[in-house]
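What follows is a pair of complexes built around chain A, which joins chain B in one and chain C in the other.
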Partner chain A sequence: MGKSHLENPVIETQQLVGPLNRSLKENIAKLKAAFQSCDDINFLYIKPENKSCLIYLSDIVSSQKLNELHQAFSSVGEAHDSLIKSCEADRLPYQVSHVESEWSALIEKILLGYAILLTDGQERASTFNISHPIGREVTTPEVERTVEGPKEGFVEQSQVNLHLIRQKIRTPSLKVNRLTLGTQTKTQITILYIEGIANEKIVQEVHKRLSRIKTDSILDSRYVQSMISDAPFSPFPTMLSTERPDRVSAELLEGKVAILTDGSPSALVAPITFVEYLHSSEDYYNSSVVSTIIRWVRFLGLFVALILPAFFVAVVTFHQDLLQTPLLIRVAANRANLPYPALVEAIFMYLTYELLREAGLRMPKIFGGPIITILGLILISQAAVTAGVIGPLMSIVVSTTALTAFILPNYSFHQIIRFCGIPLLLLSGFFGFMGILVGLMFGLAHLVSLRSFGIPYLSPVSPSRKEGWKDVFFRVPWWAMETLPPGLGIDNDKTNTKPPKRNGEDHFE
Partner chain B sequence: MQSFEYGDWEVGTKEITFSVCSMVIGVGLLSMPRDVNLVTYVADGWISILLGGIFAIIFTYVCAKLAARFPRQTFYEYVASITAKPIAFMLSLLLVCHFLLICLYEVRVISDIAKLYIFIKTPVEVISLVFLMVVVYAVRGSSVGILRLNMMFLPIILFIVAFVHVMSLNTFDINNLRPFFVTPPMNILQGAQKAYLSFAGFEIVLIYISLMNQPQKAPKAAVIGMILPLVMGLLIFLFSIAIFSVTTQEILYPAIEMAKEISTDIGFFERIEALFFTIWIMAIYTTATMAFDAAVLSAKSLFPKLDKIHFVLIFTPIIYLVAMIPRSYDSIQRYGQIASFTSIIFGAVIPTLLLILSLIRRIKGEQTNQKNLKKDA
Partner chain C sequence: MNKTKPFLLKLLFPFLLLFVSIGLTGCWSAHEVNDLAIVNVMGIDQTKTGQLKVTTVIVKPPELFSESPIGSGNPNRSPFLIQTITGKSMFDVMEKLSNALSGKIYLGHLNIVVFGKEAAKHKMGNSLDFLKREHDFRPNIKLLVSRTTAEEIVKQRPILNSTIGLEIQDLVKSSRFSTSSMVSDIMKFSEKLEGDIEDAYTGSVNTVSNNDDSHSNEQTLSTQGQVQPRNRIEEQSNENPKSDAHALRLQGTAVFNDGHLQGFLDQDETEGLLLLKGKLHSGSVILDCGPNDNGAVGLKMMHSQSSYSPHLSQGTPTMDVNINVKADIGDYTCAEKTINTGRMNELNHQFENVLEHQVNEVLAIAQKQWQTDIFGFGKTFYQKYPDEWKALAPHWKQGLLKQMDVHVDISANIERYGLSKEAVKANESR
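Entry: the complex of A and B
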């Protein structure tokens, strides 16, 4: 996993290229050389003439399908000429075969779990899909859970994932473009967009960036993300990674482009803006009033997760006069016997939390997992307070912050916000409010210059597009979502959603 | 990876309105009540402020009108087409110096205020450096980004100003405002001049309108952007006089002191001047950033071969070193006086002359609707 892709030259297995040979023997010999030391490859000669050979990787094909295929061949008859004819004419009582005459295509097919039929005297080979893909069942998403709405989550096979999306968007305008990346892994990448809604320029840009990728392996969608995102050095993600088919479908319908990576249960969506990381698909299933309130709670949560410890440290270190007198006395009494400055306490608590969090994540479920993190944090901070090492207020502040951060629906975004709190904390410990402000201004100046596939990251807040606010500060009811989100450069801004007509006479009175 | 440029490289009317407003709200407004009250009696300064503000609005209109006549042309380009290239070159060079001066003045004053109110022991050099670094970081990005930054900062600033005023209503003593109309007209005019200087900064429209997609709407947008600081100036002035009476003229930064006077018993906070001051830093930050960026933009129009980052690297040490020269409050204020003087020249005199010239000679830029803007815009 940790090997460098850049320093080592890509190691190619002995490549078979060019057209097939006429002689079966030579073809088999070549294949055997290519698959040397691959003990799972099988050469099954069709009896009794032995002039045809079925080649497959024994462990990735379904033995049942293989049997069926074998029986089909036997039923056609002995003469291998007729076998070939049957194959070409699709007369086999088996699913459609493809004819290939290039080695590279053939080898790819073998690796995908096809069986190939080589025949003496033929420069072509028929291929049969008898693969037996293994993977998880479609289950509820692990990370992005919701109370309401669809419960399916993506799995590792991109065919299944595509299936899930096709089940939601049944239109031929949903375009599916495939390409293969990774010289070793040959990972299939699927680009999805809806023609007529998605901006052509952005689709082209996604294609262009993907085609520029040169790597030997892609094991997860994050590999792709890190290689095509706009600002490689920015900690902020410029692509949304989600494991929910309903979210991807909704984004596609808003004119976004989705990228499915085979082997990864998370799809990438681009372009994406900052505020969309604060959205959860559940927002759209709840009533608009509830969702709007929850949105505001999330804004508050973002703010708390970012600056609450920094704010507290700044207040007790620099700006005590800000507090009301009774509160100030309380705080001062708390802090009077404490050995360390507030900043040190905060850093200590932060470190404890981060250690526990990471430990909780790696901990086997049987030992308690994430619950240990929370309980551990509370227990340790309680003990530290009792021991007189840290103040009780600091313990409240850091525990609140640690828990509040989970309000952010997107995990990668949650992590970034959590870590952004640390420099702010340091700044506030050294410079007070001005430090926090300088830190925030630095962050905002970075965010306004950031773009996700050409779309300003802070849109529609800045540049301000009022028609986009209905899905940022509010979540208006579906019938009021008359326009698509602005800023994606889509000409036809209208969806077909219209307010329900009130026709008083039709209703029961 | 080369980043993909798409879409909104242009700014709309809203951005111009907000930018003018954020540019004008800077250190000027903090000390304006004192400056005006020095030459006027009691609360009569409001007439001066109104007069000064109206003048500022008129000249904002002139500047915007001038720049809007030449859509998508830089200051250098349109001055060259109105007059001659050498004159345009000289004027642009002076304009660069003017904006740099504003920037360094803001940086220095904010550092001094920060030292006065928050960091009593921290050397002013360090505060300035930290502040300047953040300014440089923003300027290094795109100009459009800076204008968009205003859209987020301004509402917060307006909120805290409104909050401070509402909270200080209980110390507002209307008797302090009387008697009215006791100042001689000459003093009113002097006050108006001082107030006008606090409203300086709107000359950035000369630079930024070239980024607009609908320049014909610029004058209106810029004027709206000027009205808000005027209202704010009037409010701050009246409140300072009502709260501090005539002692206003002895207080260095009445607006901050006003926040200090507030004592609330509404829950968590008791004294909010640190909060007020911190948020005011945002206002000064946007002013300094836009001034720096305007300087870089006009310098770049003179030497298009150099990159933006080169100018940033050239200007930053100059700003820092020159800002660090003064040792006393008075010598810092001298920078302010020079900046005000150049501001009159570049905000009022030159744009008026140029507008008249271009009207007489009927020179106008092409009203094209082309959407291709330069990437570094």
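Entry: the complex of A and C
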């Protein structure tokens, strides 16, 4: 894993290119050489004449289907073109069959779980899909859980994932483009968009960026994300990765482009804006009042997770004037005789939490898993307070921050916000509120400069498109969601009850 | 590989520089909250030799909030550190004080500054100068004048609050019947003290000992109602009540003239002053029911408004003052008379007379006797006749203010007596 595609150019063990031979023997010899010491490859000659051969990887095909196939061909006896055709039509109506004459395509098929039929004297081979995919059942998503709304989540096979989306959006306008990436893994990438809603330029841009990827392996959708996102050095994600089909469908209907990666249960959505990381699909299932309040709670949570420890350290070391007298005396009494300055305490608590969190994540479920993180944090901070190493208020502040960070619905965004708190904490320890403000200003400047596939990251707030605020600061009821989010380039309207508006800037000029 | 290393260094170099510079400067103006000596109250007195004597009360937070009051080492240790230091000036005193303390003197949470009577007479400007220059000092701190020495006030132990500063602050803020709005903060006070148009005034505070509480003749009914429960609590909490246990009381107004303390107004006169200035928002007046009725009408003043209209005719200033007062009925114990329109007019008239008496009383003292312009009369002249004021100003305090006629017109209105038109009385027929 993780071999850099730049430094180690991929060398295939045995390059097998070009057209097939006429002779079955030579073909088989070539294949055997290509699949040398792959013990799972099987060459099954069709009796009694042994003039044709079924080749497949024994462990990834369905034995039942293989049996049927084998029986069908055995009964035919001598393999001729016409016979095979009639056999396909009569005996194997459900089998997908292709005819290939190129080695590279053929090998790819074998690796996908097809059986290929080589016949002596023919320069092409028939392929039959008898693969037996193994994977999880469609279950509830583990990370993005909701109380209301659909309960199904993506699995690792992109065919199943596409199925889930097709079940929600039943229109031929939902376009599905496939390509294969990774010289070794040959991972199937599926690009989804809705024609007429999605901006053609964004679709083209996604295609262009994907085609530029040169790598040996794609094991998860994040590989793709890191290779095609706009600002490769920015810690902020510019593509949304989600494991919910309903979320992906909603984004598709807003005119976005989704990318499914085979082998990964999370789909990528682009372009994405900052506020959408604070949205959860549940927002759209709850009533608009409730969702709006919850959104504001999330905004608050964002700030708490970012600056609460920094704020506390700044107040305690620089700006005692801001507290009221009884509170100041309380704080002073709490912090009396503590050996370390507040900043050091905060860093200590932060480190403890990060250690526990990581340990809890890696811990086998049998030992308690994530519960240990929370309990451990509370127990250790309690003990540290009793031991007189850290102040009780500091333990409250850091525990609150640690728990509050989970209010952010998107995990990768949650992680970034959590870690952004640390530089802010250091700045506040050195410079007080001044430091926090400067840090936040740098952060804001960075966010404003980001773009996701051409869309400004902070839109529709900056640049301001007020018609988009209906889904930013509020979640207006569905009957009021008449227009698509602005700035995606197509300002047409969804329900076609109003003439299309075209005002403001087009980000694609 | 060769290419990436210098690139990384290049990228990291500015951050390295930044971090080193942060590390070198350190936490420059940081002072941890546990290293602060939080000064809670400051009392400023003058010694007999003319030096400043400053009493500061410094909070010792751990002792104030000891976690286990029973077990923790020394329950009798005072939660306050009281330092009395004499010096030439406030700055001198503060220097000496900082030598005597292990923490940094922190004035950001100074709640109250109390001036002793002598200091208020002679050292007002000098002391305020330091307080205005000191940067973590808040300009909205309340300033009070003690009738005796500031030290005596400051050394009191708090009864209901955790610190004496908060105790006095709450006394100023929330005592229901006291006319607390004459207490000035440092900012407004020094503005008036430095300016030459108005004279400054602020609240005065004194201690009332438990023993001679009953002899205190200055109190009105209402203040006694407030003070007595306070004393009772103190008696309960003190296992061995000392004879010098005192209670603090906000009482009247300290009036300044040309930057020096002139004298004190009592409670009634203070109410008159606030009426004149339109700042009376609480307070009470008790009216009699009539010649042969034992009951009384308690009025709760809710709101007052005043407007000055200065006139100048041939260099002689006169002043018309219109005062509007609104009040509620607090209690009504007149046996005979029920409330109706006629009765209300009668009461309003009676009420106006009482108020007018109060206003005239304060005018007689402050304007006629002391010749101090705490009312802000001069300011209104200055605003209305800016050109003529230049000629008036030199003579203002030399008799002009004293001779000025002030016509006071009071309209009082008792509102919202609702449906309770008669006094509550026991039904004797049963």
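Criterion: the second predicted complex is superposed on the first by the 472 of 509 C-alpha atoms of A that agree within 3 Å, B and C clash if a C-alpha of one lies under 4 Å from a C-alpha of the other, contacts with A are read in each partner's own complex, and residues count from 1 in each chain.
Here is the rule we go by: a residue touches a chain if its C-beta (ideal position, glycine included) is under 8 Å from a C-beta of that chain, and two chains touch if they have at least 3 such contacts.
Quick caveat: nothing in here was measured; it's all calculated off a predicted structure.
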Which superposed partner A:Ile329 touches (first chain B, second chain C, both, neither): second
First, second, both or neither for A:Val461, with chain B first and chain C second: first
Contacts of A:Pro339 with chain B and chain C, given as first, second, both or neither: neither
Which of chain B and chain C A:Leu444 touches, first, second, both or neither: first
Touching partner for A:Gly429 - first (chain B), second (chain C), both, neither: second
Which superposed partner A:Pro364 touches (first chain B, second chain C, both, neither): neither
Residue contacts on chain A - larger count, chain B or chain C: B
First (chain B), second (chain C), both or neither touched by A:Asp321: both
Common interface residues of chain A - those touching chain B in one complex and chain C in the other: 318, 321, 325, 328, 432
Chain C residues touching chain A - in the complex, by the definition given at the top: 22, 25-27, 29-34, 36, 38, 40, 59, 61-62, 64-65, 106, 108-109, 111, 136, 138, 162-163, 165-166
Residue ranges of chain A touching chain C (in the complex, touch as defined): 316-318, 320-321, 325-326, 328-338, 341-343, 429-430, 432
Chain B residues within the chain A interface of the complex: 1, 3-8, 11-12, 14-15, 114, 118-119, 130-131, 134, 137-138, 141-142, 144-146, 148-149, 151-152, 265, 267-272, 274-275, 277-279, 281-282, 285
Chain B partner contacts - residues on chain A that touch it in the complex: 201-202, 205, 209, 212, 228, 230-232, 318-319, 321-325, 327-328, 431-434, 436-438, 441-442, 444-446, 448-449, 451, 453-456, 458-459, 461-464, 487, 489
